[in-house]
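Look for chain A in each of the two complexes below; its partner is chain B in the first and chain C in the second.
Our next item is the complex of A and B:
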């Protein structure tokens, strides 16, 4: 009997160790990424040969769709030129999935012809002018999600109220989580990070509501959910094991098909690097001038 | 009897004239419906090792460059044509363009609506040859009344200059005879007599204007042998409830009795795509004059990215040209604005769209 007990105990220990190590690794990698992303805004000379490669986290939509059937260098060039033209009109800030944003758009049907929405970014996808992001909030106990096109010319401003990342790439599970995890007040004040700090990762783990769920969250290896095991039956656990594809992370070909090669990337970033930098500098100047005038409306 | 035999002999002898040699005695023989036009030459060449010395290679390269330069330096012959003499009217048919489909992306209208567009690039189009209606003598078939079409001449347009050594001698000859370099694509446009263009005239995207409607002809995506659900949109059969082995099958293909056979034209599995299709009445939303790109409304243009398509002025009566377009084509000029936008389209460099309170 003792033997029987001891063995699982060892197993659990090793599993816990592994978990801790894995978590550490995941966190550290994220932090590293964040550091990489954050180093460039300071204007310091980056250490890599092609510095602009770090832009891929801040401006992921500048990279084209890797599907070779859809690629065309001229179209991508025109698309990038159009994106930069739009960026010269509106400040599209750096944000990630998990950041809290406030978006103001012109809406012909709204009162005052503008509409402002605050919410957490739960998804960001699309390449080029098709880039889009989804904001989620809970208004009057009712979950609301709005999908915005990043380069839509009706968007008047995009403001980052809280710049942070979460543990997962997509936060679609907030739809099945308790409403307090996706509730944000519309009069939220922007939290300004001191310059040069890496983008913080919020390690919060949400609690899911009991089933039924919109998706089989237990099969997606989510890090940002705490109570997934409570709602599972034995059947679900067995099926999860059966459906696992642990070999996929070793599939180099799959990884290759999903990404744009470094040579292509350096070409792309070399093309847009200067203009993006200039835009950023001009925004900074604007930002430095602004604080004298902005506090007044907040007080009022 | 003798006279009768004599008659037969006479008729047979008369049939034996040299002009009327019957090639086959098969009663079922029908002359081919399609006879390729004279410019239809085998293009692909079998590449072989020429065993050339480096000097010779350099020499060939030099000549190629020389020819290319001389062609690019060639002035558009349109400058010599008197623009005033030729007038456009509602019934004239202009030349079209050969373009490549290079992708899709959205544009926004001035009232904030999103439109998906297809980008078509007009690459290096040149007029190769004009065949006037009297000389143009295509294959005659019973069904088509060529008499009516005699008023239209044939204009050959080529696109994308290629290395002359990569194509066959015959194909090169078509271009050599008019003093041009061979093109990858050669296409025929039927044009009115006064829309004829001299050899070597370059055609640009500005041949069309923004807001015009065009017809686009291209080959659809080749999907291979497909089942009935994909090819014809049948709904198939249920996945469960006792259905076995017939989830994606067509089911019944005909009735019994008199009609106990498969009727011609029954929708069945087969090869799908890779067919010429024309999408009519596509609006041009934006034109880039530097790269010769056209932004067309919608994503319905046949073919995958990189497919070649042919553009014509539309034939739809309500969308046909009302005012005179650039005729016979837009001349080459360097002082054009970089981009033309349709009046409904919001250029990205303009300010954010705001709606006024009415």
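Our next item is the complex of A and C:
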């Protein structure tokens, strides 16, 4: 059985090699650029840098889906305009998977009331106006997850209570982790980072509950899980070895298909850079004004 | 030649021959549920480790969605209940829970317990109001014993 599984792997490798050799020349310039972009440290507000490198992490939803079947330049442009309009109405802050957010929506099911939910962002996906994120929390010993559209007009405010990143891109394994790792109190105070510091990475490693699990976490090379080996049997380890795809990080075409090229990105960011910057500056002014204006009535 | 290699490449990628998708977590016949109110029968069934089984879902599709009425087998009896939280992927802004929750009711829609100890989705306010008819069962009593809405 092992042979059967390994054979396609070898075939794929050879095919990939062939393709790399063929396409190397055409792609080389682009790939180098992309790697360069990866290597640069992305600070929170670095001053003299290409905005593309900074913005693609802060506003990932401005980049379209790389699948060429779904590209449509006109639709993308209109969506970006709509997103900027929405952003001028409401402050959509910078957040990442692993940040703790509080979302207030107006509740259509109870008249005139709002609904506030606090949770850790476990997934962020979708592009353009369809961008969405998922919050997870454990309330009264019951795990609850809510998915929100980022540009939903019923959202009244999005507040970042703790701005940080985790070791993985998706935290779906929190569903199988012990409940204390996804428990956050609803009356949490926002933690404010000093200006100019990079977004901290929280190196916490969660403990998983014993099996059965929702997914085969052992095959996903997670960094944020500490006790995955305890729950594995010999069979799982063998299968994990057989299913490994170590060649994928050398697969240039796959990388190319998954990302938007630098040339396209600079076009997009050039279009929205000015307005985003203006919005940001105006928010900053508002933020600076607020602490001065609020104590006055208290003193009076 | 390029096409042949490409075909081979794709073919091998999908050569498993099996189609595997994530499970839907639907509430259907014989699904085990979690009783989340403090009714006597519900508490005892959960404590004994014999959670109730669905034996009928009262809609045309026979798959339970949020707010649907179900008939459950619990401790050798037949009781009716309302689904108040599902594992299945939900629409935007509707909470998804880690377990399939049910609140036991009687034929008139009155809950058997006096308190629900997990959060209840607010969308149930609308759904249960729609299901309630003037002369039939009144399901909105369930909302008044809820402790928390999300």
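The definition used in the following text is that the second predicted complex is superposed on the first by the 236 of 300 C-alpha atoms of A that agree within 3 Å, B and C clash if a C-alpha of one lies under 4 Å from a C-alpha of the other, contacts with A are read in each partner's own complex, and residues count from 1 in each chain.
Convention: contacts are C-beta pairs under 8 Å (C-beta built on N, C-alpha and C of every residue); 3 or more make two chains touch, one makes a residue touch a chain.
All values derive from a computational prediction rather than experimental measurement.
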{"item": "Partner chain(s) touched by A:72 [first = chain B, second = chain C, both, neither]", "value": "first"}
{"item": "Partner chain in contact with A:89 - chain B first, chain C second, else both or neither", "value": "first"}
{"item": "First, second, both or neither for A:108, with chain B first and chain C second", "value": "both"}
{"item": "Partner chain in contact with A:143 - chain B first, chain C second, else both or neither", "value": "second"}
{"item": "Which of chain B and chain C A:284 touches, first, second, both or neither", "value": "neither"}
{"item": "Partner chain in contact with A:132 - chain B first, chain C second, else both or neither", "value": "second"}
{"item": "First, second, both or neither for A:243, with chain B first and chain C second", "value": "neither"}
{"item": "Touching partner for A:211 - first (chain B), second (chain C), both, neither", "value": "neither"}
{"item": "Partner chain(s) touched by A:257 [first = chain B, second = chain C, both, neither]", "value": "neither"}
{"item": "Residues on chain A lying within both footprints (that of chain B and that of chain C)", "value": "107-108, 149, 152, 154"}
{"item": "List of chain A residues in touch with chain B within their complex", "value": "69-72, 74-76, 78-79, 82-83, 85-86, 88-90, 106-108, 112-113, 128-130, 149, 151-156"}
{"item": "Chain A residues touching chain C - in the complex, by the definition given at the top", "value": "8, 11-12, 15-16, 18-19, 22, 105, 107-110, 115, 117, 132, 139-149, 152, 154, 175"}
{"item": "Of chain B, residues touching chain A in the complex", "value": "102-103, 105-106, 108, 111-112, 114, 119, 121, 288, 291, 293, 304-306, 346-357"}
{"item": "Chain C to chain A touching residues, read off their complex", "value": "2, 5, 8-9, 12-13, 15, 36, 85, 90, 92-99, 101, 117-119, 122-126, 147-150"}
